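Two complexes come next, and they have one chain in common, chain A, joined by chain B in the first and chain C in the second.
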Partner chain A sequence: MSERNWLCAYAITRNRPAELDLDPASRLVGYRDLGVVVAEVEPARFDRLDGLDPVDGTLAELAREHDAVVRAVFRHEPVLPLRFGTVLDGEGSVRRLLEVAYDQARNCLDEVEGHREWGVRVRYTEPAATTRPDSAGLTGTQYLVRRRERLKAVQQTREQVVRTAARLEDVLREHATDSMERPRPHGVLVNTAYLVPIARETAFHAEFEWFARELREAGATVETTGPWPPYSFTDVELGVAAHER
Partner chain B sequence: MTRLAASSESLADILERVLDKGVVIAGDIGISVVDVELLTLRIRLFIASAQTAREMGMDWWTNDPFFAPNAARAELDESKSKNDLAARVADLEARLLEAVPSRQEEPR
Partner chain C sequence: MSADAAEAVADLLDRVVHRGAVVHGDVIISLAGIDLVRLDLRLLLLGLEEAPG
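Showing the complex of A and B:
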């Protein structure tokens, strides 16, 4: 298997090698005005990924490397990132892929051009309802009234956070070309990726800051990640069969 | 591997995108070197469990100086709350002492 020329494919981009500042290990394989950034790879490198600690192991290294190559291209040109671990059988296969999937890839690339992806996450864990009022000098009834008021305040804060988070999502969507909800574990109210035109990033972040202040005051954790290459907006499958050769 | 100087994004965010998103090549011009779906599932479980542990206050290791060197500061906070408790106990004792003599006077 090692005699064959396996190529790890990172991203589809424009076929303009001069614009790219690739490190020596990677190269651009072009077909018409599209190209795929590839690097020669020993498939055995991926072999032992099972059973490894994702936080500090080979998988982490390979994933960061994949992201780094995609980002290097993205600094100069629009990209369609390819799924991690895409390995193609030589340059002929890369060109065949572009030939067969040309229109689809070209359209997707046009759609994401001039955009960057930003992630927005809002987390809120309500304060423990177990904190009890100081009972000193209170009658039983007064104590229960205080306690009920406290629980009600917790509930109202939560409702306010949920409302503000929903408004934040609405407003950010207006500044984005597309948005994609990501999985939300317990306690996460918003976990959304936005595809934002570069020209609207300033407005997008100004809105974010405005709502983030309100949410933070209410006790929520608000964060943004990015800019990312448009990973969350390239959920496409390009199919190539051998008989199309 | 000089290209690792990439981004400051968290590994969890990178894994979520790199493994779960991006163009998929179907057909027979490639080989599947990685069972990406299985990997994705495992990463999700890992992230979920770390996050859940944090939310449920079960992330004891993050405050243990042995596991997390940054925990020293948290320990300081803890000793501060111990001081607070000591102050409250002293305050309650003082109030108790004030209350006791007045009750002794009542029968007279």
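Showing the complex of A and C:
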């Protein structure tokens, strides 16, 4: 046990090496009809992770590399992405993982096959309600009426945006196999990931555009991201329990 | 970095670092720092998303 052979595992996929167009650094370790895409890893690379500046630093760089490997597989085959930083102790461990978690991994892979993930975000910030009407030439009462009307209009626009955003979510869900709400901080009305069958993507985007136009006219910011490998829909735990504590 | 670029990285990090299948058991080698980074990142993503833009 002189030299450790640490393998970074990126994704579980079908055991069809010929279908994959992997870069020379990665390879497929197979067991029955499943395989794990792995690459030798220098553990020291992870030591430089900087939790203080994850966006600009090493973490972002490593995450992009991880995503690039997953996407390269995803271009040809279905993928069950593994969480960033999954490092296994040699090929024997990779095979043992597939052996133990075979049914679970295979079911999950079957579920996401033929799908891609799309993100939809709707953001809406009300126009400053403090904009006061020009009071020149108005009596006090007229001014207050004008101001109340303005506040009411702001309120109505907001309600309209919220209603349309809810309809957008309902309609998109009909075109998706699954959906997952992501965190919605202040100002974000919708932040949802959809698992869309490739055959329904055109319909999904047509619906999105239809509602997006209405939302944009009302002053909301609307966008999609993707296609993504099904990262948000593979939240499973694959346990190798045999030798666990 | 512009707000859009930061948001694109946040979208990526959230998916790659916080989603995806998790492997448990003695086949996995835990790397110092990874769990801490996940923790920090969660806080940072919340802050980012709240940033105007």
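To be clear about the criterion, the second predicted complex is superposed on the first by the 236 of 245 C-alpha atoms of A that agree within 3 Å, B and C clash if a C-alpha of one lies under 4 Å from a C-alpha of the other, contacts with A are read in each partner's own complex, and residues count from 1 in each chain.
Here, contacts are C-beta pairs under 8 Å (C-beta built on N, C-alpha and C of every residue); 3 or more make two chains touch, one makes a residue touch a chain.
Everything numeric in this text was worked out from a predicted model, so none of it was measured.
S.K.: Applying the document's definition of touch, where does A:S93 land relative to chain B and chain C: first, second, both, or neither?
M.R.: So A:S93 meets both chain B and chain C here.
S.K.: Once the shared chain is lined up, is A:A72 touching chain B (first), chain C (second), both, or neither of them?
M.R.: A:A72 sits against chain B, while chain C stays out of touch.
S.K.: Going by the contact rule set out at the top, does A:R173 touch chain B (first), chain C (second), both, or neither?
M.R.: Neither: A:R173 stays clear of chain B and chain C.
S.K.: With the two complexes superposed on chain A, say which partner A:E61 touches: chain B (first), chain C (second), both, or neither.
M.R.: first
S.K.: Per the contact definition in the header, classify A:D235: touching chain B only (first), chain C only (second), both, or neither.
M.R.: both
S.K.: Under the stated touch criterion, which partner chain does A:D23 make contact with: chain B (first), chain C (second), both, or neither?
M.R.: first
S.K.: For chain A, what residues appear in both contact lists, the one with chain B and the one with chain C?
M.R.: Shared contact residues on chain A (touching chain B in one complex, chain C in the other): 6, 9, 12, 43, 46-47, 49, 54-55, 59-60, 63-64, 66-67, 80-89, 93, 96-97, 105, 108, 119, 182-183, 185-187, 225, 228, 231-232, 234-242.
S.K.: Using the touch definition from the top, list the residues of chain A that touch chain B in their complex.
M.R.: Within the complex, chain A contacts chain B at residues 6, 9, 12, 23, 25, 43, 46-47, 49-50, 54-55, 59-61, 63-69, 71-72, 80-89, 93, 96-97, 105, 108, 119, 125, 182-183, 185-187, 225-226, 228, 231-232, 234-242.
S.K.: Using the touch rule from the top, collect the residues of chain A that touch chain C in their complex.
M.R.: Within the complex, chain A contacts chain C at residues 6, 9, 12, 43, 46-47, 49, 51-52, 54-56, 59-60, 63-64, 66-67, 70, 80-89, 93-94, 96-97, 100-101, 105, 108, 119, 182-183, 185-188, 225, 228, 231-232, 234-244.
S.K.: In their shared complex, at which residues does chain C touch chain A?
M.R.: 1, 6, 8-29, 31-34, 36-37, 39-41, 44-46, 48-50
S.K.: If we count contacts the way the header does, which residues on chain B are in touch with chain A in the complex?
M.R.: Within the complex, chain B contacts chain A at residues 1-7, 9-11, 13-19, 21-36, 38-39, 42-44, 46-48, 51-52, 55.
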